[in-house]
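First the structure, then my questions, so here it is.
Letters are used for the chains, namely A, B and C, taken in the order the chains are written, and counting of residues starts over at 1 for each.
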Amino acid sequence: MHKNNLIFVAKRVLYAVPAIAGLLILAFVISRIIPADPAALVAGEMASPQQVEEVRHQHGFDRPLYTQILLYFSQLLRGDLGKSLYTGRSVFSDLVDRFPATLELTLVSMALSIAVGIPLGIAAALKRNSILDHLLRGFTVAGLAIASFWLGLMLQLFFGMWLGIAPLGQRIGVSPPASVTGLYLVDAALTLNGEAFLSALKHITLPAVTLSFSSFATITRFTRSGVLDVIQEDFVLYERAMGLPPRLVIFKYLLRNALISTVTQIGLLFGLLLAGTVVIETVFDWPGLGLYAYNAIILSDYQAILGVTLWAGVIYVTVNLLVDVVLGLMDPRKTEL
Amino acid sequence: MDRSPDTLLLNIERLSVHFHTDRGLVRALDHADLRIHRGEVLGLIGESGSGKSTLARSVLRILPLSARIAEGDLSLSGEDLLAMKESDLNARVRGRGITLIPQDPFTSLNPVFTIGTQMEDIVKWKGSAGIGHGPPGEKVIEILERVQIPSPRDQVGKYPHQLSGGQRQRVLIAMALLPGPDLVIADEPTTALDVTVEAQILQLMKSLVLGKGISVLFITHDLGVASQICHRIVVMYAGQDMEEAPADVLFSQPRHPYTRELLESLPNPEGTIRDIPGEIPNLIQPPPGCRFHPRCARSTALCTQALPEKKAMAQGHWVRCLYPLES
Amino acid sequence: MTGLKLIGRKFSRDKLAFTGSLIILSLVLTAALAGLLAPYPEDVFSIHPGERLQPPSSNHLFGTDSMGRDIFSRLLFGARITLIISIIAVGASMLIGVPLGLLAGYYENWVSEAIMRIADVFLSIPQIILAIFLAQSLGPSIHSVILALSVTYWPWFTRIVFAETRALKKTSFIEATEALGAGRLRTMLLHVLPNVSSPIIVRSSIGMGFTILTAAALGFLGAGAQPPTPEWGVTIAESRQFLPDAWWYATFPGLAIFLVVMGFNMLGDGLRDILDPRIRRGLE
């Protein structure tokens, strides 16, 4: 099995390369070929015609296309994503700076969705058509219909403004803990900084709950249908016919099969969460990539938007790669050559 | 074959099973009767829709939620299976007193666990009275040898999709025998297999079961297969049992018109196949009385009145028909 | 046509699909008749600074906004915008995605590989981010939103149609049709397409829901429709600085979004239940 696994992983990694290349090309097409004047976009709304010309020359927009593509890729490989109009710094360093905040929010939200969603999904499937099942289905259907930014605002309104028990925004209310990973909760725990930990926890609650709300709905639904599908399977019938104890059938056999379908969803989930951070960070003033993107929109900071897009794409492809690898290790049928 | 009352193992009397569906109430089984004695192999023959699988599932009480056992008696060694508590059924009957060889060997094994794991779970949870002593791993190897799987030690670490159809079927046979059951329900055990493999599997089953005191309910639609392994055969049609006889007698002297049609629909030496005229009836609104009457050349109005009672034709040979064929 | 009759009967019995379609019907009517239903249709453009930020009353069902405009009326016109954006976007994605899916599924050469790889690339960036990127490249407006959404949603259709076509290929259905002399195009249009129509329909309904949410998010972020357009997302964005006092300003547009998306999701779910073959109901 081991050799099979390695080959599978290698194949999968190789498969990701053209995906990323395609992504980069798509970004190129959208940023250089589609707009009327790419130079004007990069220079910004405030730029004078002179400045636009400067930009055009500096970035090589006046060169032939094939030269532009080469320049583009060589820049990207060097990590050069241009300069941000908003911060004045290189977009790349901006992204690196602000990534931990988004990562922390995404991870906490994912943990929340999974911790609540999977058990509920399993319970709903096992007690099909019970009150719990119907309640849950209603809840998830509603959850998928609520605009996350609106939910965030409503929660902010209710818990933050009316009840006053939740902070209105930001990542922390006291000085941040010493930086180890950039994730405040982790850092505060590692440096035994109780005050920072509590403050960070209070601040992340509302945004994480909001962000996880719709993904929780998706996970519950998919876990439920994953379990239901498995229950219909012949092997479950066989296991029942042979009188294997229900606990064994559920926790050993059914779970493994159903989890496989859930893990499949985690990749999709991550994409949803990543997408959601743009609006949630905006609502809660969370200093991550989402808020960065929002500011970039307001100020027409084009390089920044391009940078965020590429970054999001690369991360998404990587996460899906990881999920595929994990799936391959969980389901022996996948690694069959 | 000793068929006295004290060797009676499985007794099914007037069993009726209904399914509640969108389109109405499906009367899948209608007052079916069946008796299996210790050590006998009973064939259950019928086309699809005849109710054979429903019968098998009823015995194990693993019918889907939409099904209801409307009436009838079901007992194993004198114990009433219909009245038994679920926990008892699970502990003593399913996978112990009665085991199952399922229809599709591919989909019946859990794809994400090795066959070794699945077999050991049977040993651990359902016992291994059917095999000698030793740790679970060893017992698994031993039974795999008994079902003639080559190099069993290499096979236990494999996943179901890595085995051939024939091998999977052998594994399932092994799993059915491990707990040392009184009755094995074999649900179309050779249908999914190639003809050559089918012959081997039948041979294997015969050697494992005959003379060992294990009873088998052998479900199939293939008369040829049934003739090779069964002592007695019950013919079913549309949820009703039509005829019951020792295998050789059934083939040489069928008394029910449906049985005769079935036999004639077998490919004969010239290679021609005769179709039975008519269609399988709709089980939501089944024909009244004997359900075969619309397709039967001998039927009269009397046949629609009620399900014919069982008539004894000879020793151990019964027919449900008002106009049985001459011998 | 017993097939259609059965579907029709199932439809009226399925509460989900029925309720969903009721909601959507109301939406469509509202959007179409916004001019007649709105108590203050002129408020799409005109401002009344003297009446700003008034709470809900008999005069103004949902209150007024920062420019004194009647929120209820603006919401009704917003329904129109929402519908237009989503219908065109989903429709366009379908027009792009379905043929591509048919081609990719039908053929098994470099063309199908290329199509699916390209679809993968589009799916490798979360939809809203790609939409923002596109909208910014074109200049934010309703048009760029529609374009951005169409361009990012088509891969979903392609994937589904591809999978179903390939599945169909595995059966002898397509072989048989071709053996009878039907040309490729004919086979695709007249034989394969009807068979994949159910998943397409279900996906469209659900897609409407997603598209509406994404469009609203784009409006909220300022990457799409711009003020003073009465788009629901834009209205919510406007309301932010006036919270918590003008709670009605943010609440009602969000409820409108919720209701509409619910409608489409319910319809989609209901349709899926009706059109998909029933899971084995244990009839052996």
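Basically, a contact is a pair of C-beta atoms (placed from the backbone, for glycine too) under 8 Å apart; a residue touches a chain by one contact, two chains touch by 3 or more.
These numbers were taken from a predicted model, which means no experiment stands behind them.
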Looking at A-B and A-C, which one has the bigger number of contacting C-beta pairs? A-C
Could you pull out the chain whose C-alpha mean position is farthest off from that of subunit C? B
Rounded to the nearest Å, the gap separating the Cα centres of subunit A and subunit B is 53
Where the centres are mean C-alpha positions, what is the separation of subunit A from subunit C, in Å? 22
In subunit B, which residues are in touch with two or more of the other chains? 57
Subunit B partner, complex, touching residues on subunit A are 233-235, 237-246, 248, 252-253, 256-257, 260, 330-333, 336
Applying the document's contact rule, which stretches of subunit C touch subunit A when the two form their complex? 117-118, 120-122, 124-130, 132-134, 136-138, 140, 209, 213, 216-217, 220-223, 233, 236, 239-240, 243-244, 247, 250-251, 253-254, 257-259, 261-262, 265-266, 269, 279-280
Can you list the residues on subunit B that touch subunit A in the complex? 57, 60, 62, 89-91, 93-96, 99-100, 102, 104, 107-113, 121-122, 125-126, 159, 161-162, 175
Can you check the complex and tell me which residues of subunit A touch subunit C? 18-20, 22-23, 25-27, 30-31, 34-35, 41, 141-142, 144-151, 153-154, 156-157, 161-162, 232, 271-272, 274-275, 278-279, 282-283, 293-294, 297-298, 300, 302, 305-306, 308-309, 312-313, 316-317, 320
